[in-house]
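Shared between the two complexes below is chain A, which pairs with chain B and chain C, respectively.
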Partner chain A sequence: MFSRKNSPRPIASRAPFGLKILVAGVLLFLYCPFGIILLYAFTTEETAFTFPPPGLTFDWFRVALFNRPDIFPPLLLSIQVALVATTVALVLGSLIALGVSRAKFFGREAITFLVILPIALPGIITGISLRSAFGLFGIDFSFWTIVIGHATFCIVVVYNNVIARLRRTAKSQMEASADLGADSFQTFRHIVLPAIGTALLAGGMLAFALSFDEVIVTTFTAGQQTTLPIWIFSQLVRPRQRPVTNVVAVFVIAVTFIPILIAQRLTQDSND
Partner chain B sequence: MNNASNSLAAVRFEHVSRHFGEVRAVDNISLEIYDGEFFSMLGPSGSGKTTCLRLIAGFEQPSSGKIYLHGAEVSGQPPYERDVNTVFQDYALFPHMTVEQNVGYGLMIKKVPTAERKKRVSDALELVRLPQMAKRRPSQLSGGQRQRIALARALVNRPRVLLLDEPLGALDLKLRQEMQVELKDIQKRVGITFVFVTHDQEEALTMSDRIAVFNAGHVEQIGTPAEIYEHPASAFVAGFVGTSNLVRSDVAQKLTGRAQMFSIRPEKIRMVEIGTPVQDGWTALEGTVREVIYLGMFTRYLVALEGGGELTVVRQNLDETSMDVLSAEGKRVQLTWQRVFDRVLETK
Partner chain C sequence: MATLSPTQPPAPSVVRRLSAFFSKHPTLVLILLLAAPLLWLGVIYLGSLGALLLQSFYKLDDFTGLVVREFTLDTYKQLFTQSNLDIVTRTAAMASVVTLACALLAFPISFYMARYASPSGKVVFFIAVTLPLWSSYLVRVYSWKLILAKEGVVGWFINLLGLQGALDAILAVPTIGGPSLSVSMYGTFLAFVYVWLPYMIIPTYTALTRVPRSMLEASADLGARPAQTFWRVILPLAFPGVVAGSIFTFSLTLGDYIIPGILGNSAFFIGQVVLTQQGTAGNIPLAAAFTVVPMFIMFVYLFIAARLGAFEAL
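On to the complex of A and B.
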């Protein structure tokens, strides 16, 4: 997919002016909403958002932190779910990637397809399927049903990162390790793990970010539990202390943005 | 084969085949590699030489037949249990380790004590003349240096057999020629068996004690460089090792009266004036110089023969200037060679 060797970068190519405008427009369209959310976390109005905001204040951060205990259980639940789902995804995703990249076996393509499918499948389909499956097998909604729901797409992210790295890692390195006396476990520990290390970290961070702000699948697999995104969603219908929701949203953006930035950095470095 | 020759052989193949589906990469090969010799496997790509090497290393298992290392059968043994080490074509250095850690990897795995490990690593780096590179990473080395580190990483384990998979292929001509001499020198010093895979006939001729010429999954001929060059056993060997004039039997019938295919090396043919008396034991033919290819040190002439067919003649530019040489085009000449130099070949 990444045919870097075949496509040398054009030397000092300049994009035409129209294209630059277009790119700026698309980026603005994508990121304007974030700016607005950020802006109204500081507004002095409590119920309605008028533009421009009549005044700016840090007060809502204080309110969110000290006067709204209803924020913290969902926050804690979301962090726990994201951590566990990411761990599950790291183990299973990298194992699948290792298996698929090293061995040729019957049904290999089918497995690859089935692993990648959940990320392409609309969340609502995944959600409904899981819900009816849980119902069919008489499984009660719990922390673990949310984790399972999230793991379905977290695995894909880890798998994709690891398999891309394994494809770039010369097979001869693993052969060289075996040739020098290392058994499969030693080769994994000394050669494979360092090779896929940053890919695991990047995949894990992306998985965490995906899980942390997931709404659709969670709605179907959480039962009565409230994760942070669902809490935010529920706040939209209540007009009281509206900017508190924005404060929480800013926090969510930070928690999701930073890992993605780091993940991108990590995978970029290893390209060179 | 008796037991005495078993113990002499570092590597022995007994009717070994390796098939990948329909492809017979290695097809019923039997051969022996003697202890301490520099043995080359020479052949075009896809001839099975690399698969043979991988069979010895244990990366591949034979579909049928048996492989012995120093008399012990190794079929089914994984690479990490075999007393052989490999220098890979792409060197396969570990990018996240320093040169020192790369070279010491095998010793670390075998839990050799740190002090001894350090000593052996620095000895190995000394052997490949790169002691100052210990703290570098592979990405900070040139191609030639990586190649030496790969060699040191394999040799540090003191294997009884060292396998080299086209290790010089990625180097430029000058460096390759230097490394040929150095490899041979290192092999003499450490005194272990080298099995060297190459498609470069000159490389094989330069370094080897013996050469096996591979073609389409089987061995065409095994012999010393001189034997292979002077007495090619088949048309393939004659054509692949050095350049050769192959004269088909029907053309040979017209030219020399013998209806047998033969080969004659271009440097054995003399090009003289028409009418020069022919000595006893020499063959003489007449022809016209069709093309002259000036190559600096020597010149290659393509001579169209009167009786049909064409012979390539190579002549060192001893007394001629390039002007003399190039003006030979279109000239009628007499070609002669001593009959002992032409090789009658089996038609396969």
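On to the complex of A and C.
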């Protein structure tokens, strides 16, 4: 960034050819599977994954839309859970970020550790813990037991985005607001909220994507209910019209890619 | 006669007085802000972890099939049978191999991103690496079922290259082989490496960007060849980042039950035992005791990682 062109270059400035090949290989490894998923959504074969596909058709999109009513209740449930879990995570995550950023106090490190813990420990631990707590206290599985699990690991995503933004927001702005006679509610409304607005949006979108396709914790907290990932999982174990599973998979990829890309953009702009 | 006195300020509103009260009591504000989230994480989450630990000291009555709620170490005794220890060893071995493979694959791309990519290229690479991380885990696992199926892409390429004999030979290896790549440990391994790779790339990249350019120049000035600079300056400085990434790859492999279920031969992993014990078997105490194993392993792992400076690299 600082006059890189003029600085002396004892170190090679161009990547060796071998390294470029390796990088291309890793990128191919990361993205090829998505292409394969897309390809098999169009195959004419119902029960096998022959490569190359014997024929291509758009028919499975029609089948998924009109002939498979078993897809839609799980889809609806997943959207509802993701919306509620995201809302809870937005409130709790930004409260922690606001609290932690205000001052240094005893136990602050412990709080940040506690926020990260649900995502640092394997999902199965969160899942089985909630499952055993529900069992111990005789709580029946419901919509809310799924939401509790999802919100718990979504808090960290919102928290991370908001705290990063608050660290960059100048304290002087809030002090100036107070000096000019604003009360703390007005400062929050006119200074803090606009500053963290896009961070909240980005965090919320990531939380939605995370909740929408979560399967490990959900398996333990859903009981007999079926979310979309649980539906996909059941299709993997007992397949029926395999290309339809691919159509749903393509839909899920689209639904998660779009908010993630928007969230990346939102946090990117404010970095500049 | 009452006169208007414009100089006298209006009586402070309730909002104003509340605001003034808050600014005089910052601790109260802190408590108000943190009460709800701490209640959630402290009571629901930590409480659940406590409930899990508690249940691991209960046991299942073999005759009635009900959980006996009194303190016993019987469930832990059950854990130390040979077949269960095999499962733990197998899972830990898989986690180690997956972590090693992720580190080897992540290093070149992180190195390229940190050292050679232009500023805008860095952003594109960073998004390219994180996008799969956030997108559907289950769909990405499923894609390997398609790729590795006997009649799938990999099989087609192997036929094309005339390597069928070599494939049959590696599939015939006992315990890790299987009838096809998608039902063998190779499949489990590939899918694990694939889904956790971004977790390794990001901290490795972060650590590499923090290697000061001046240090590389100093190394070159002092007569080190590029290879020497790489081994003796870059690698040691990037190592904490690799360790930080390994926390994720190792921990996530330890707890996963989806990948060995979809892409494995029938050899069990810790996660699968937990799932079947709590589900069909209804033996929550044993499932809980089994979950304590990865928790304990991760505790030791985090302790070592902290010693190696991994937390500064996160």
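Following the convention adopted for this analysis, the second predicted complex is superposed on the first by the 256 of 272 C-alpha atoms of A that agree within 3 Å, B and C clash if a C-alpha of one lies under 4 Å from a C-alpha of the other, contacts with A are read in each partner's own complex, and residues count from 1 in each chain.
One rule holds for everything that comes next: a residue touches a chain if its C-beta (ideal position, glycine included) is under 8 Å from a C-beta of that chain, and two chains touch if they have at least 3 such contacts.
Predicted model only: the values in this text are computed from it and were never measured.
Chemist: So, A:P54: does it touch chain B (first), chain C (second), both, or neither?
Modeler: In the superposition, A:P54 touches no partner, neither chain B nor chain C.
Chemist: Is A:P194 in contact with chain B, with chain C, with both, or with neither (first, second, both, neither)?
Modeler: Only chain B is touched by A:P194; chain C is not.
Chemist: Go through the superposed model and pick first if A:G138 touches only chain B, second if only chain C, both, or neither.
Modeler: In the superposed model, A:G138 contacts neither chain B nor chain C.
Chemist: Among the partners chain B and chain C, which is in contact with a greater number of residues of chain A?
Modeler: Comparing chain B with chain C, the partner touching more chain A residues is C.
Chemist: Considering only touches as defined above, state whether A:I253 meets chain B (first), chain C (second), both or neither.
Modeler: second
Chemist: Could you say whether A:D183 touches chain B, chain C, both of them, or neither, answering first, second, both or neither?
Modeler: So A:D183 meets both chain B and chain C here.
Chemist: Could you say whether A:P69 touches chain B, chain C, both of them, or neither, answering first, second, both or neither?
Modeler: neither
Chemist: With both complexes superposed on chain A, which partner does A:Q173 reach: first (chain B), second (chain C), both or neither?
Modeler: Once the two structures are laid over each other on A, A:Q173 reaches chain B alone.
Chemist: Per the definitions at the top, what is the overlap between the chain A residues touching chain B and those touching chain C?
Modeler: 178, 183
Chemist: What residues on chain C touch chain A, complex-wise?
Modeler: My answer: residues 15-16, 18-20, 22-23, 26, 29-30, 33-34, 36-38, 40-42, 44-49, 51-52, 54-55, 105-106, 108-109, 111-112, 115-116, 119, 123, 127-132, 134-140, 142-147, 149, 151-153, 155-156, 194, 197-198, 213, 216-217, 220-221, 226, 229, 247, 251-252, 254-258, 261-262, 271, 274-275, 278, 284, 287-288, 291, 294-295, 298.
Chemist: In the complex of these two chains, what residues of chain A are touching chain C?
Modeler: Residues of chain A touching chain C: 1, 8, 10-15, 19-20, 22-23, 26-27, 29-34, 36-37, 40, 48-52, 91-93, 95-96, 98-99, 102-103, 105, 111, 114-115, 117-118, 120-126, 128-133, 135-136, 148, 151-152, 155, 178, 183-185, 206, 209-210, 213, 215-216, 219-220, 229, 232-233, 236-237, 245, 249, 252-253, 256-257, 260-261, 264, 268.
Chemist: How about chain B: which of its residues touch chain A in the complex?
Modeler: Residues 57-59, 78-80, 84-86, 88-90, 92-96, 105-106, 109-110, 153-154, 157 of chain B touch chain A in their complex.
Chemist: Hey, which residues of chain A end up touching chain B in the complex?
Modeler: 170, 172-173, 175-183, 186, 190-191, 194-195
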